[in-house]
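Both complexes below contain subunit A, partnered by subunit B and then by subunit C.
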Partner chain A sequence: MLRTRLTPAALALLPLAFLGLMAVGPVLRLFAEGAGQPSANLWADDYLRWRLLWSVLQAAASCLAALLAGLPVAWVLARFDFPGRALVLRLLMLPFVMPPLVAGIGVLALVGPHGLTGVDLQDTPWLLLYGNLFYNLPLVVRAALDGFAQVPQSRLAAARTLGAGPWRAFWRVELPTARPWILPALCLVFLYCFSGFGIALLLGGQRYATVEVEIYSLVAYELNLADAALLAYATMTISALTALAYALAERRLAQPLRFEPVARTRAASLWSRLAVAAALGLLFFCGGAPLLAVLGRALLAGRAGWVVLLEPDTVAALWNTTRFTLMALGAVAVLGVAHALAARRSLLMRALGFLPFVVSSVCVAFGLLLLYPAYTASLGLLVASYAFLAYPFVTKNLLSAFDAVPAHLAEAARTLGASPARTFWRVSWPLAREGFARGMAFAAATAVGEFAVTLFLSRPEWTTLTTLIYQHLGRPGSANLDAAMVLAAGLMVLALAAFLVIDRPARATRGGEHA
Partner chain B sequence: MLELRALHKRMGARCLADGLSLKVDAGETVALLGASGSGKSTLLRMVAGLEPLDAGQVLFAGEDVTRQPPEKRRFALIFQDFALFPHLDVQENVCFGLVEQGWPKRLARTEAQAMLATVGLHGLEHRRVWTLSGGEQQRVALARALVTRPRLMLLDEPFSALDAELRSAMQDEFRQRLADAGIPALLVTHDPAEAARMAGRVVRLEGGRMRPV
Partner chain C sequence: MKLSCRTFLALALAGLSLNALSAELRVITHSSFAVSKSLIADFERQNGVKVSFIKAGDAGEMLNKLILTRAQPVADVAFGLDNALVARAVEAGVVEPYTPSIDRDIRQQLPGGVVSVDYGYVTLNYDKAWFESRKLPLPRTLTDLTRPAYKDLLVVENPATSSPGLAFLAATVKALGEEGAWKFWSALRANGVKVAKGWSEAYYTDFSKNGGARPLVVSYATSPAAEVFYDKKKPAESPTGNLFLPGGVFRQVEGVALVKGGAEREAARKFVDFLRSEAVQKDLPTQMWMYPVRESVTPDPVFRHAEKPGFDNTPDERTLAAKSRAWVARWTRVVLK
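Moving on to the complex of A and B:
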């Protein structure tokens, strides 16, 4: 192994300082504040215990549902050819980049009070589970699809000739091969569902909101920092364990070997067509329908609704969203690259890359207010928070891209006369650049859709599209609801544009299908 | 030319080199046989400077290169799977080392084209490397190594990914090119016939030492 010992440590300084200032400091500050107050006993308090238990339950249930629905869908996409398959793969991750506000509004427009379907799931747990599936089904499908693509034709053929029927071959060959891809995805799904804020705030309602929302009300409305800190301890422990499990599972991903992947067959038989139709139907139900509902509602709003787009408030909000996003992207690009480089051989740094997912963003936002009172109204702090929330996407995608660069390519470059720095510039970076772009695309979508931290740190003149929508939703009257729908549709388009501009279709750099 | 003096190397619990010594003379090709896992690939990587030694010296033309990084040694290593750069086309792959030597782009391209023509790849300059057949990929790897005028060629089972017919053709071709260029070479293989065909001398790595065959 070629290694330069000093550089990773030096590279780690910048990201570590950032994470310390943005996460560790604020959270400790909040805990210190809470320690001065008398607190409830978590195990004796039925209400708080239920919140915590429900948060774990709903995250676990979402994992299970995403797995049960995602596996067959991914298998169908991996094994069958059908018209429009490429388009489906291209659109697959669309829900994942949608702002929580858009997703929440979409689900409500579909199955909320006066929803388009006529079914009202308000005040049931199904609303939150629907929202979770909207985000996380694509994640599991994508991961399982990558996993199924790793099954060599020969291995499947061997299983079949050894007497395994298709079903047994799936259980004993395909699923075990794909498992290293699926497990990390499930960890992520758990993490997102457990610690997500926006979706839980909008869809959980009174009864089924998660701990994160509870922390938010404790901090923002009741100023009960002691109980908030108590809940935060518990959630951060659970999130940290999940993130560690993710880092471990992800590291086991094997280096791709040369092999002939299983060929896809044309969906010609009746049952295969039914399977394709069912898979697409499921994807549409979970991911497409809520988005179409937003669009539908926005269109129904008519001219009176659409004039909101021309209001000075909207234009200002659009400008704010755009410039905050661009500034955050600049910051997170530098931080993410430094972190990923430092983390290539360090499990600890890998796990630390998930810190922004692990610490409760509500705690961070409030801790920032307590810790840096002089800067609460500074743009720098707001942009830094955006960068903080987008951080894991860049590090994670870039790290997996670095991991996927075969070590011997860098070694070949060295024997051809390239120094370590030149090797990085001419071989590792070009091969990992796509992963970087993908991470930046997710980061952009996160920044465009952010509203948890913005709620805390924003000043009136910094209103972004998300906070504007939230304001409209909070005001009475159907005109405000229409305006919210139209703005949500606009936000959806913006998030999509940000994603598409950055994550352009991959120039094929490898032999195999690169869906 | 190349002299390995009393190399020691442990990998985990295994001792891969235990006072290993070997000489390769100018223009000579030495074939290295050995059981799977005996440490042949590791030895080549140590010679190339990609793997640190526990003890011992690597000398080339009388100069101690043990502490030199791989990019300073000008030893070319050809990998079992060729290690072509997937983000570069055929010609850019071949130019890679020349660019590192500071050649102007245009001259490097001309040189690469000439080299590609010698190995019979004229017309494939702008193909993506993964669209090439196994034999073509191997010729690109050879051209990429030869064009930098390496002082030593290290070959790690370069023919094992090829079918039998192509393999013997490529063996002859490689031997011819190495002889033409007058470059000493260390060839790892597990095929005694290949060793006999390609090399003037055959040695076997066993228990961390060289045994004559």
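Moving on to the complex of A and C:
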């Protein structure tokens, strides 16, 4: 008894220490620095209140849009088999690695003033929606797909036998089963959009900016730490409540049901073919087309553009991206597994799993500088920052997977004399392995695409592909734009290779989610 | 898993120990700093010191990082303090004044013992093809920008997150006075000015020369030259031009300074001198797209596509330090609220 209680607590120490050193300590240190400063009464300021409200509203709207578009797509992908399905599921993660500026250029190449489609959506709300779906739709589809794959065949069959139509069966059986997978994804979408360094804001202009932009400018430009602290506390409270609400909901909803999952059927009927075509069409339109536009621009750059790949700077950046991702993944695996194990029965640990998305990145970056001046621009701190931003994905996916492991399996193993460690290794882990792989793939995507790390101190010799792209886009001239597009194409290939290696199809034929 | 963790630690330690081997000069810079690697290598060889560059984001961000870490400086030399930041840097006590060995033959100076290295102009660029195809005459004054003929044609950077954005705002305030400037910006807002987060976003997603719909953008007077330089077809004329509107030109002077309390003083001073050497002054125009401060150094011939304005509307360093934060706060309310 003592042992089973002790183990999660001991496991929690590692992620808690890491979060304390990387987030809580730095942020508190930064705000302590500003404690003496005079502070204006921010809440009397209409503008800031409006900004805060707008941040919440647009994040909620993004969740809704991603959910409405994502659920049908995920359902179709979960129920039907078609050639190339496995590849589509991996390509699905590509938008995630694209730097927002490149994605924005891709979107405009399609629906901008000189766009290929001839439709100009610039400065319309549709462009905001499009940009939002580019990043968020894949996230929701991927999660909901995993959820729908958990629906037991017997339950669905029972519902149908008892007279439920497909629609009713969806609402009463399939959706409730998938909910524990969908909710964390929505929570992520909310947190991402709430802090909002996204493409939507890039395309919409600064009038649509979230409150995080205010915090950035208060800290980085004005060094007005007192006001920044007030704002940051407010946003972090909202984010933390979101994370907590999710944790509560997830634990209540978790229903381990792993019998025979619903088998996918081949898309043979006209109806199912149309459904698959519509789902793929929507995915392609939202995620694939802007990426293809970037690829197309890269191809148009011609030979003179492609020589950028042979430049020593590019080779060095490629190597940096690869090694930083690998180093971060090492730390991510350890932290993610420890956190997920510790959080299985702890609501607080579940919510803390989202801490890296809850704290303001710019506050963390400046706080780290204050707290560890001797280690600024050190490789250790850089890799730790990558791990910090990436490991919640492993925790999140692993937790969802653990929740789906029926308790009676572990109990049976224990009754048959297996030790807790053996039970975990032989029963729980094999069932959760796919969740782990999926989480690692998302973590790799985050590390390869790293957006927020640019806030931390860096060295030119640590230039990664993403930072090199931004360097080119920091100068005028068509050759720079060409170079950026070619490098972005390279980034896609590298990321796709990483997903193919990490998120391999399982060999087992359990009928679960193999892709 | 274990293996990668061990590799990670080993690599991290290797990274730390390498730095401890030879004397190291830490130079903090903004993210657009660039000097040819061969010149840096020459400097390292001649002075027996390893130069480590630390990129700290935008210039304003870099200064605040220096101010926050003043008790334990993270660098010995800082490059990128400009006339908008220099007075604040001096006031905050992060600068150790220095007079470089080369101090004659210099066009633009900075106060407070900060050593000027290069200078340039923030101004409007326009898309030549766009204006030609629509037979629209170019605006001639700032007020023209608020007229219906020029509705929805301008994109500016947010001065709260971008230095060229702040520079352009400062120029309008200098020329129009504070109240006049807010009236102008309010009219500009009514006329559909778009605000982008930074220069890259404005130039590559909103400027009509690239992906956007707006033929007027706040950029640099050297950008048209860079357009020619970075074009594989090497056109005879730049696709973009400078629009020097009265009240819309800001002169930016960038400098380098010794960081107070930093180490390696001898090497640090030599590095400051090095940035004023003929070799670096000749190198920097096509690296950072700024003019060299040495009068005797002529920049690359491509700079003929980047004429200098005959005037500028630059507030003095003290005013910039004292007022710019209040200007940004007010601007945010007038334009974004």
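Here is the rule we go by: the second predicted complex is superposed on the first by the 360 of 515 C-alpha atoms of A that agree within 3 Å, B and C clash if a C-alpha of one lies under 4 Å from a C-alpha of the other, contacts with A are read in each partner's own complex, and residues count from 1 in each chain.
Simple rule for what comes next: a contact is a pair of C-beta atoms (placed from the backbone, for glycine too) under 8 Å apart; a residue touches a chain by one contact, two chains touch by 3 or more.
None of the values given here were measured: they were computed from a predicted structure.
Here subunit B and subunit C are compared by how many residues of subunit A each touches, and C touches more. Look at A:R426: by the touch rule set out above, it reaches subunit B but stays clear of subunit C. Touch criterion met: A:I105 reaches subunit C, while subunit B stays clear of it. Judged by the touch definition given at the top, the superposed model places A:N480 against subunit C, while subunit B stays out of reach. In the superposed model, A:A412 lies in contact with subunit B only, and not with subunit C. Taken in their complex, subunit A has these residues touching subunit B: 1-2, 258, 406, 408-409, 411-420, 422, 426-427, 430-431, 508-511. Contact residues on subunit A toward subunit C in their complex (touch as defined above): 33, 46-47, 50, 101, 104-105, 108-109, 112-114, 120, 122-123, 201-203, 205-207, 209, 213-214, 216-217, 219-224, 304, 323, 326-327, 329-331, 333-334, 366, 369-370, 373-374, 376-380, 383, 454-455, 457-460, 470-471, 473-481. Considering their complex, residues 1, 3-5, 7-8, 11-12, 15-16, 31-32, 52-58, 60-61, 64-65, 67-69, 71-74, 152, 158, 160-161, 194-197, 199-201, 203-206, 208, 210-213, 219, 223, 226-232, 240, 289, 325, 328, 332-333, 336-337 of subunit C touch subunit A.
Those residues of subunit B lying in contact with subunit A across their complex are 45, 48-51, 69-71, 73-77, 79, 81, 83, 85-87, 96-97, 99-101, 128, 130-131, 144-145, 148, 154.
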